[in-house]
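So that you can tell them apart, the chains are marked A, B and C in the order they are listed, and the count of residues begins at 1 in each.
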Amino acid sequence: MDWLFLLIQTMNGIQYGLLLFLIASGLTLVFGIMGIINLAHGSFYMIGAYLAFSFTQMTGSLLWAIVLGIPATLVLGVVIERFFIVHLYHRDHLQQVLLTFGLILIFNELQLVIWGGDPNGVPVPEILAGSIPVSETLSYPVYRLFLSAVCLVLAGIMMVVIQKTRLGMRIRAGASNRRMVEALGVNVRALYAVVFSVGVTLAGVAGMLAAPVETVYPGMGEQILIVSFVVVVIGGIGSIKGAFLGALAIGLADVYGQVYLPEIASVAVYALMAAILLWRPEGLFGRGAENG
Amino acid sequence: MVNAPSRGIAAALILLALALALVPLGGDKYWIKLVTRMMVLGIFAMSLDLLVGYTGLVSFGHAAFFGLAGYVLHLISPDDAAVNMLWALPACLAATAAAAAVIGALSVRTRGIYFIMVTLAFAQMLFYFFHDSDLAGGSDGAFIYVKPVVQLGDWVLLDLGGRTALYYLALASQVVIYAGLVVMLRSPFGKVIQGIKINEHRMRALGYNVYVYKLVSFVIGGTLAGYAGFLFASIDGFVSPELLGWQESGIALVMVILGGMGTLFGPLIGAIALLGVEELFRDRAVVGVMAEHWQILMGGFVIAVVLFLNNGLGGLLVRLAGRREGER
Amino acid sequence: MAEALLQATAVSRNFGGLRAVDGVSLSCETGRVHAVIGPNGAGKTTLINLLSGDLAPSAGRITYKGRDITGMPAHRISRLGIGRSYQRTNIFPEFTLWQNCWLAAQSREASSLRFVAPANAQQSVRARTETALSTAGLEAKADTAARAVSYGEQRQLEIAMLLAMDPDVLLLDEPLAGMGADESAYVIDLIRRVAPDHGIVLIEHDMDAVFAVADTLTVMVDGVILESGRPDDIRDSARVREAYLGDELGGAGGDGP
């Protein structure tokens, strides 16, 4: 009984961690490859969740909403990169922080204009609505398993793309030495656009997938952004592997914290970050020198 | 090294201070309160400029200290009586200095993007602490019912409940802190942190323990932010978690950039300008229906400042005032 | 034999799989110039970085005045009295030459946590600043921003900053790189002038300069020491000639002292 409860909490932690990974991987790649700190990344998560809400209302199913939402967030990513982020290459971090801060202000207000300030729920698709009983009193929702599975598949695809393809080779090269890639004559602009848009889409997908599990509410973007920052700091900038492990660690720390130490749960995640920083200021898989 | 303003700028600043001193004579409550906020946020922005513009520490969690001081003031203020500033202020400053020392000790170990994210994360930690706990009203915030006074025995020297008194305290604080920082930036410590900003690696090779100097600067900046927070909480007699939130930190950075970082007086102008712009954006007569969604305009304004105003208003003024005199 | 001022014993440094410095031993005594030469990529700058504490050795031991300083952070090694200059100009471009040297001179004070009196108030630091500037021949440009002076003058500033630190050991990493003939001659003379009171480790590609000032020569190739000894012996070494010096030495030998 007790260990079944622990098992369920562990699965919740892993599920949250995998979701965080989808968001943090985009952040860490944009840092690592483009040298850009993007505060607006959390907004894309929020936008994804609200798109899921609206498209589900229109089509009747979250699955259709995701099918529609992916191209929508991809286009959003392309547009944001083309009109805003493009001005930030070779600018210092401070300017990047401020410009993307300005974007957040705009996104948040637009969200209020379009969807209003009330929290919304998104229904779980019918085929995934059930629960698997694990004991007489405990059960685990199918949708959460589905969510974890999708995240794992996406993580797997990402790993394969990065390890096996030409695009992945460039991404890896970019993450380890940006100037080198530029010098080699790779079409950096195109590479950046792809990386940024894919990052935006991943964050958007994370928001869509999370919509039925979490409430869809204003400010959800910032909350997840900060946690994703913690993940990236723990994992080391530019490291997908670090983001993966960091995300799982934070996911578990958060869930266990809420169950076993509810008084300090909101601080547990940051305490973990502080501990890791004391031990390794560049994160678990960071590369010493900072290239900005 | 940009330490003291040139004569032209100094004259302009004196004129500005004199003009500010005249505002309460008009007696308009709205203006007194608005300009008080401008000056207090100017102190806050100036304390951030010490870190960003002079030490090379781009902190995105500076509001943590600003808000923390406000919360400490709330916690030590009785509900039905005024707290004596003579001990309340040192208590608030000590609390923020201690918080800055702990957060700084950890975050100064990191650099660049890491530093930005780590300071942000620690500030959010404090944000959630006050947001989620019942200690001080949680997400609703809490009131300071009776504002602090300066009291010797039974003799009340200064009552921050008085709008004009608070106004002049803010003005005097701004002048004193500005002058103090100018002096500090000319001192050995000031030169050393500026050296660290320009070339940290070389400073290490010269034998400076860079970590210590950055940390001390971080604590000074944090404590000054705490002072600004103390005053700010006294304006409305109200504190809320938003005071330590990342938006507040972001706005402070915008003030620094808008005014011109590394100029010290720039952030003072930046605070005035940003609050002025905010008032315009919230005014229906000026922007029409957009007044309800002024954050969109503010976001666009921030982006425009980043893209087009590289050295800020202060940089513009310095250029207008001509080259500064040679200085050692 | 007197104990060496600075002594490296079998130090190595790996970068991933690459062994940039491999079991190098080297000593440096007051009044002597120990030059390290070798082709690009021989590990000379890495060696300097190990001696100055910019990098920690992977293996081996470094002592200074008999004290083990292996793995000590750079700022502490610097404060003990080991100063270095950089191959690529490494100064404070926004500051004037005076301020650059002042930072170097101030670094010798017990602490710079002083917040009130102006930086230029302290007489002793000011004196060291001004002596260093005039020794390096830069007093005329004291109030010019470092970014505004010529490349050669920036190189001289590197040395002036080193002198302002008043170290016992000077680690000079290609001080003549990119200098014109007149400037080079000035700096060579400068090294000669300061040599009696300092231990100097010099990395330099200019063979004329090396043979003009060095008391001991160490030749490094691929991270290891090929040969070490008096300049004349090195000049005559067949191995060195074959591995590295070749024509360069012929030229240098022809019009050497």
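Definition applied: contacts are C-beta pairs under 8 Å (C-beta built on N, C-alpha and C of every residue); 3 or more make two chains touch, one makes a residue touch a chain.
None of the values given here were measured: they were computed from a predicted structure.
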>> Please identify the chain with the largest separation between its CA centroid and the CA centroid of subunit A.
In response: C
> Based on Cα centres, what is the most central chain?
Replying inline: B
>> Between subunit A and subunit B, what distance separates the C-alpha centroids? Give it in angstrom.
In response: 32
>> Report the inter-centroid distance (CA atoms only) between subunit A and subunit C in whole Å.
In response: 49
>> Roughly how far is subunit B from subunit C, centre to centre by C-alpha average, rounded to an integer in Å?
In response: 44
> Which subunit B residues sit where two or more other chains touch them?
Replying inline: none
> In their shared complex, at which residues does subunit A touch subunit B?
Replying inline: 31, 37, 39, 84, 87, 93-95, 97-99, 101-106, 108-110, 112-113, 222, 226, 229-230, 232-233, 237, 266-267, 270, 273-274, 277-278, 281-283, 286, 290, 292
>> Looking at the complex, which residues from subunit B come into contact with subunit A?
In response: 52, 58, 60, 106-107, 109-114, 116-118, 120-122, 124-125, 128-129, 131-132, 246, 250, 253-254, 257, 261, 293, 295-296, 298-303, 305-307
> Which residues of subunit B touch subunit C in the complex?
Replying inline: 1, 183-184, 186-192, 194-195, 198-199, 201-210, 212-213, 216, 326, 328
> Contact residues on subunit C for subunit B in the complex?
Replying inline: 52, 54, 73-76, 78-79, 84, 86, 90-96, 98-99, 102-104, 106-109, 112-120, 122, 143, 161, 165
